[in-house]
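What follows is one structure encoded as structure tokens, with my remarks underneath.
By written order: A, B and C. Residues from 1 in each chain.
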Amino acid sequence: MSAAVEPRHGAPAALAAIAAEHARSRRGRRLRGLGKHAILIVVTLLLVAPFYYVVLASFKNSTEIFTYPPKLLPIPPFLGNYQKLLGSTGFLRWMFNTLLVAGTVTLVKVFMDSMAGYALAKLQLTGKRLIFLSMLILLMVPLGALIVPLWALVNAMGLTNTYLALILPPLANPLGVFLMRQFILGLPKDLENAARLDGVSEFGIYRRIILPLIKPGLVVLAVIIFTDQFMSFIWPLIATSSDDLQVLTVGVAALRSHGGADYGLWSAAAVMSLVPIGVFFFVLQRQFLARSLAGALKQ
Amino acid sequence: MRLSPGQHRQLRRQARLKRELTAWLFLGPMFVFFVVFLVVPVVGTVWWSTQAGGIVGGTTNVGLQNFQRLPDLVGATTAIQNTLIFALLSIPPILIGALAISLVLARIGRGAAAYRFFVYFPVLVPGVVAGLIWLFLTNVDFGLFDNVLRAFGVQPVTWLGSDTALGVLAALDVWRNVGYWAIFFVAAIIGLPEELYQAANLDGASTAKRFWYLTLPLMRRILFFAIVVSTIWGLQVFDTALVLTNGGPGTATTTIIFRVWQYVFGTNDKVGFAAAISLVLIAAILTLTLTQMRLLRSRRGDD
Amino acid sequence: MDKQMERQTEELANAYLARQMSRRTFVTRLLALGIAPAAVGAIVAACSSAATTVPSVPPAPSSGGSSPAASLGPQPSPSAADLKGNVRFLIGPWSSDEVAHHQHIAQGFNAIYPNVTFDFRLYQWDTASQEINTSLTEGAHDIYMTTESSYPDYESKTGFSDLTSKITDPSFAGELAKYQYMDRIKSYGPKILGLPISFHVEDAMFVNMDMVQAAGFDEHFIDSYPTFLDCVTKMTKKGQTYGMGIGIQLGGYAEWYQRLRAAGGSYLTPDLKSPNVNLPAVVEVTDQMASLFKLGIAPPLGTYTYDAAPAAFAAGKMAIYSSDLASTTALPASVPFTWKLLPYPPGPVSQVNFNDLSIYMINSKTADQDLAWEVVKWWTNGSSDAYWADNSGTYPARSDAATLGYGTNSAPQLAEALPLFQAHAVGLENFPQWSDVENLAEAEIQNCYAGKETAAQAVANVEKIVKQEVGI
């Protein structure tokens, strides 16, 4: 059974390896290679410099931050900013809320989207094309443009100021269905046809055949949803006003105007906000970068 | 046993019904959310745009008055203008920069993973945090930009001033998004047919020629897609503007979504205007999406 | 605790134990002595347990009645056991330790009513109206610290509880007399939605007097525009010091408005029927302000934000900056020069200070309205007010705050400048859209400061904004 699948997956990789081998044998590669590295190092430095500058500031006290010329190494490091952030703001609670909401949305959505994607890819359904087209058309409409009716709706449902207000509206985003449909359409038909002949139910096919095959796609989708959710700001800002439900982005934005400029605290907040997503990124790097492929699949 | 045509038809209908039902069981959960929290709000925007009043206190129907008054509304046109300028300032550098980076990054051997990590990392920064980080770059007293200028003996610049703030906001967007499109293009370039390049190499084509006559035409659709999507994203800028400049100085960085948010919750009884402006934005985004779908479909035949 | 305080505490405790005063009065008196709330709580607890050991006396605190101290206990108070629950506050960030100040006030309250707990959430000034509006409809908080600028709007809607009957109740009359500016709150409409805690000036000038003297002037440089201009020009040192920082207050709040009023204009005519903005005198003063930027006297907009201005002033980068009084709490502890607070728009008749109250109001969705009312009364009583205003750079709204510790922690410049400010104070105009107009108008005027519009265009646009917002 698996033999029918493996070569299809393996082929491009094999081809790429051959191509890479060819590329390696080209003349002048060393010199050109050095030039390429030089360009990439410059680009990387430009992109990373802002982070370094903020990390640096977060380990300085308020007078050191203003000192010119600036110290380029935080030695000895000043930890007061982090103590203040973790000790006297709700930072950990905000982080918890963000992880809870983003985690829930991701879990529910991966499940629902893959099921809907399966229906749109494989099952018979009147009006399937219309549904798919409407999802495609509304794919790009941003939450920010819908805050009037959405808030009115959620408020009428009595959901404002609950976790549900944060979790439910993002579930409407059709991107995941679209991606899942593409992934499932790309799968070979033989397996599920065989299963169908054996009398396996559609749910059985979905769970035992489709899901294992689209696992890489599910990871990509989970990564996309989680990061989008991690970054979302305008909806949580509006949908909740109680302290207990504050998410990271809203809490960090609020730090900015609480009585005077506390640059040390702000820098510590910026750094700490990036820790979870940074770790997540580091662990799932390959899948993370596959997000770009997912973008290509939007077509 | 043979079935009569009538029985046959009935069985077929039953089977069909069962199949439909199964399909809806799969599609249903997602579809409900899609309708309730996306289709209904989009349609709802049309209704709200004909209303005058506040989001809570009740509204009255004013027909198309909101749209008629839109061009005259102090602030609405500025917001649309600012957003368009922002898109024009940010998108070309993002896409050209991303393409340049991707050309190098796609064909690099050693260290590729590390480069990709760093190039992509700014993409993961939430807009609010990005705004906070850029406060440290643009500060007049200790910001990175002015400290670099000082090191070269140049007078410090007020980066978040009225003339420059929108540009800084665009620069922030370039920083945050160039990696996204760079990695996207890398994926596209790796997917290009290697044989064509080998043929070109045999013909002795220069790097520039290969790019101009091979890579660029092959990536035409991908590039078009990137332009449309990044435009749509550019039209939505809000959180960085709120944190970095709070829409100012004056109205220099007040964008469309910023104004919508102000009209709905910041000021009284402007919810109709907010919806009207939203509708203009939604219409623009839908037009872009549809144009793209049509153009890409019509070209599907030729490759 | 010094000897005298100890003696007074003992006298009070004896009076309390002898049932001569209510528990509430006892706590208020102890706080008035300057004893920390935590210590007050301990004293009251000790006395109460002592009281319960006397079997013949019922343990509940008396309701004041005819005891000699009854004048301090304004009206019958619920007993300690009656009040319980959690009260959620949404408050403005006046100083960097805002929540700590409220926790301090809460400790005093808990000394009487131990079964009440509190949550404090701060809104941001940038997003305050959105946060208050959504919280109000979502029922997310019980008590709100609002600013007077939005009061006419709240008056026209239903989100806040109407406290008229509670506030005008005869039993509250004695207390009510101690709230200054109550008449202003009443003037906005038939309902009374809250009690004031403070008033403050938007904007005042923070003046580096050393630089003024070095330029050859004294504090009378503000008496006319030409002397003011002369002085700020002389204090401007290119690349080093700006003579006068304007447009750094958040969104320029109330800054140009003072100029408008000083020049004889207002958003609306007194009958609130037509705009009163586009006057030649208004264009002229707007142009004067814009010229400060053109001459390089004012730092370009965006150079110093509201947050960063105090530090820049302390470092001598601006000789004067205009901001609200809360900025006094953000100034470094030791400023290396003499500084003064002076009324902001310079000129002879022109020193109009926009004066804004902070008010506590109750969400109409709050279930336990009586508890919320008790809390609001406590938060706006003399000692709470003295403590809060003293730590937030504002002036207390309570007339008795001065005798209850106001002025121990705040910058002495505040008290010194008060008579100057009061002489020229104006409030806002009474129409619900005032704060919307104000926000949009100041942004429009800043476009003129940035050289994107002429003063005449900007003023004409503000008039358009007034018409569009008010709907005339």
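Keep in mind that, in the parts below, a contact is a pair of C-beta atoms (placed from the backbone, for glycine too) under 8 Å apart; a residue touches a chain by one contact, two chains touch by 3 or more.
Note that the coordinates shown come from a computational prediction; the quantities given were computed from them, not determined experimentally.
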(request) Name the two chains that are joined by the greatest number of C-beta pairs in contact. (result) A-B
(request) Determine, using the mean of C-alpha atoms as each chain's centre, which chain is farthest from subunit B. (result) C
(request) Report the inter-chain centroid distance for subunit B and subunit C in whole angstrom, where each centroid is the mean of the CA atoms. (result) 42
(request) Could you give the separation in Å between the centres of subunit A and subunit B, each centre being the mean of its C-alpha atoms? (result) 15
(message) Report the inter-centroid distance (CA atoms only) between subunit A and subunit C in whole Å.
(response) 43
(message) Show the residues in subunit B shared as contacts by 2 or more other chains, in ascending order.
(response) 139, 141, 242, 261, 264-265
(message) Which positions in subunit A are in touch with at least two other chains?
(response) 66, 151, 238, 253, 256
(request) Spell out, as numbers or ranges, the residues of subunit C touching 2 or more other chains. (result) 126-127, 130, 134, 137, 250, 308, 311
(message) Under the definition above, what is the set of subunit C residues touching subunit B in their complex?
(response) 126-127, 129-130, 133-134, 137, 153, 157-159, 239, 247, 250-251, 299-304, 308, 311-312, 317, 432-433, 435-436, 439-440, 443-452, 461, 464-465, 468-469
(message) Going by the contact rule set out above, which residues of subunit C touch subunit A in the complex?
(response) 88, 90, 93-98, 119, 121-127, 130-131, 134-135, 137-141, 250, 305, 307-308, 310-311, 326, 329-330
(request) Provide the residue numbers of subunit A that touch subunit C in the complex, in ascending order. (result) 66, 151, 155, 160-161, 237-238, 240-243, 253-254, 256-262
(request) Write out the stretch or stretches of subunit A touching subunit B in their complex. (result) 15-16, 19-20, 22-24, 26, 33, 36-37, 39-40, 43-44, 47-51, 53-54, 57, 65-70, 112-113, 115-116, 118-120, 123-126, 128, 131, 134-142, 144-153, 168-169, 171-174, 177, 202-203, 206, 227, 230-231, 233-234, 238, 248-250, 252-253, 256, 263, 266-267, 269-270, 273-274, 277-278, 281-282, 285, 288-289, 291-293, 295-296, 298-299
(message) Give the list of subunit B residues in touch with subunit C in this complex.
(response) 54, 56-57, 69, 72-75, 139-141, 155, 158-165, 242, 245-252, 254, 261, 264-270
